[in-house]
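The following pair of complexes shares a single chain, subunit A, combined with subunit B in the former and subunit C in the latter.
Take a look at the complex of A and B:
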């Protein structure tokens, strides 16, 4: 039997190296994300005139997100206006799922998208409008990834089940950054009697800032606890 | 290289490119997506500070409490026996009710008094506070501390949250109130059209674990005062419109 041609052999070596790197990268990202996904912050029960009640995420949604730690809250103000909030531990790539995806299943389409700096310079969220195809009812949604130091990113273009690349990029950046992060999405239905949708916009941006502040505070405590733990591990 | 082998190589390259494109499409998705915008983008942008309308700086310009001032209203009451009757909102003057002294505002419908409010103004003359509310001098809910209702000079979007107690006779309840200037909108009334600030308000009193809400919406026009009001009276809607422009 003739010996394999040297170029064929070197191709196999390259392929082997590529597979090894991929495997290590997978283990690295998996481990990092799993460690990242430990943090599920406490969020404020009261934000100004808003009071929260626990409304856990649907089982189907949690499954789609890969069963991370989640927190569902509904903020209600004295006029009975509501803003729903989901806080999701960034434990796997699945957790970075398209935020409007769940709404698409209920007949909503994306009609607007922008990336405002909601939380100060450079700290963006993704702001969206979803419109119900039959009734015309609109939902305003804000989506952001928040790190333990309070910085945020809006991340765009996680549009459908097929849009794996942006989701992988988002997740990979979170894993590589070495910081704990959570995914936050909040939404509110627009009241047809709300002229220029001013009240719904005030509501969602107000609750978003309150949530961001609460998560940032919790992040500081988490960092303190993590530093203490590292010191203890170093001593032992 | 022969012509046939060149064709085979070209076909293989094309197939590889097509397979790669299909793979990339599966990975990256093929939806067009929404560029940074979309037809509804104005609906999700934060309300700009520059677009918010500011109230007059003087409380008396937006919420006049001058004794003797009377607003002639047209009152529409919902329900089976509802209808339209003339009404009035009168600033009676400084009075003491249920141990509290303030400016009494009396609402009359069909010649019958149905709502009493006792107001005060903070020392800076900017914040209007509700001290007591009731149907008659004998049945007044007294608020401690007085509820901030309106701060002149504030802009649309401004709100005031209050937590305190409401007392009626010897009974005392925990209470919460929330007032906000939600919009600056045109309002049509029998006396004409006004550009008015919409003041949403709710006072909630918790008695025996049961919450009783007193919601009201007022439309306040600068230099005129209340031009429209919507109340819930014993679960029935009552709407008042300014019938005559005050002199």
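Take a look at the complex of A and C:
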């Protein structure tokens, strides 16, 4: 059997080693990423004076988000003020769909954006004011990604080709830490008698903090609950 | 009664029809596969060191739950190619085109390899190339895994394949394979956002153009967005007849023709522009026919709307092919040189 020259063979070995390492990294990242989106936390139905009713997300919206697990709630206070909340399992990059872009489809434009530390030092959310082009109606929206340990980020959108670095960072964190995360977006319509958006901000911050606390508590228990569930499935 | 065949009759026998020759060649190739496999195992099995991990870079099984499913970049590509009305459904055929380009240049490649083997010993650095191209491909591939981006994965994979050839055979042989390797980049999936934007513009443009033509025959025809409104029939120019299904394969086939005939890049650019214009004209013609048929039978028009665009693609490419015969070399330059 004519064996290749040792120099030639070493080129094959070098290349084979490089490709093997890449393939193993691919398998590792694939396994870690496929476990995303398993966690959809239970959120409180009562937050102070606010009481929630289930309002599931529209089928079209769920499709845009890549069919993750979702939870839709509407919180109402005794003055009949309303705050809508969507909790979305971060199953894929589609789930991070830009809420401002979603609203653009309904005729809203983004007029202001900031990243306040709603949940304490370092834990940011993304706050947006959207204005309807024809009627002038305004919407105040908070958007954040929350991890199992309660930490949050007010990350912007993750369009496939416009935001490569945030996308890479998100993928790297998901693969390296394996931490589950959920995407929360809550919004309320701003009353025309509230020009500085003070009342709307009070309302939305109150509900947001209640949701954040509920999700954080659920996150602490989730690992144990998921392990038990797996054991039960294994037995059955 | 049996047929009597004499040596003289055999000598004067008519030449084999092309399909019979092709069948014979296929049969012989299939018959020689076991021998080729044995030769590969005995003499070239060190290639498995590269080929197996190269396959594993593209596809791997999902670990849980049972039964496992195949996932990885190849699964992403297949998902794109098999989408209903996908304008990129032709992409799995691109490697065949690249193989044809490589086959056309096989003698140049083999001669260069032999020349290098005659001039330099196996230990010479001139017989090997750098590994950095394959390393860049691997880095892009890992980024694609993390971002789950199919275009990046395809670019990474093609760079890995090209980098492997460069590393194993060196620059001189690599340069003879540049054209097929460049053509393989026609497999890179176009980002959905870009594809959607172009599709929408084509839908609107083709609807307006077809509406103007139909207006000559039916003056009451109106166009609203991508809707063509006629008396008793209205057609929506959407998905399947946006024109992308014709445009993309025609452009790639034109590029292949230009590379096969070794045209200058300027001539290829002119041909691609011509292919672009002809594809849009063909799509407009398709919509006009749809409108003309739809006035009499809406069901037939709907079938024409949903029908696969291969017929119109073939027609558009044939017209581009005729133009190529006028403005570019008619045969591969290599073939001419050989003759």
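We adopt the following convention: the second predicted complex is superposed on the first by the 170 of 236 C-alpha atoms of A that agree within 3 Å, B and C clash if a C-alpha of one lies under 4 Å from a C-alpha of the other, contacts with A are read in each partner's own complex, and residues count from 1 in each chain.
The definition used in the following text is that a contact is a pair of C-beta atoms (placed from the backbone, for glycine too) under 8 Å apart; a residue touches a chain by one contact, two chains touch by 3 or more.
All figures in this text were calculated on a predicted structure; none of them were measured in a lab.
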item: Subunit B versus subunit C as contact partner of A:16, first or second or both or neither; value: second
item: Partner chain in contact with A:111 - subunit B first, subunit C second, else both or neither; value: first
item: Partner chain in contact with A:48 - subunit B first, subunit C second, else both or neither; value: first
item: Subunit B versus subunit C as contact partner of A:140, first or second or both or neither; value: first
item: Touched partner set for A:92, first subunit B, second subunit C, both or neither; value: second
item: Which of subunit B and subunit C A:8 touches, first, second, both or neither; value: second
item: Where subunit A meets both subunit C and subunit B, residue numbers; value: 159-160, 162, 164
item: Contact set on subunit A toward subunit B in their complex; value: 48-49, 77-79, 110-116, 118, 127-129, 131, 138, 140, 156-157, 159-160, 162-166, 190, 195, 197-199, 201-202, 205
item: Contact set on subunit B toward subunit A in their complex; value: 25-31, 33-47, 156-157, 159, 161, 176-178, 182-183, 185, 200, 202, 204, 215
item: Subunit C-facing residues of subunit A, complex; value: 1-2, 4-5, 7-9, 11-16, 18-23, 25-27, 29-31, 33-34, 92-93, 159-162, 164, 167-168, 171-172, 175
item: Complex interface listing, subunit C residues touching subunit A; value: 42-43, 46-47, 49-50, 53-54, 56-57, 60, 62-63, 71-72, 122-123, 128, 131, 134-135, 138, 141-143, 145-149, 160, 164, 167-168, 191-194
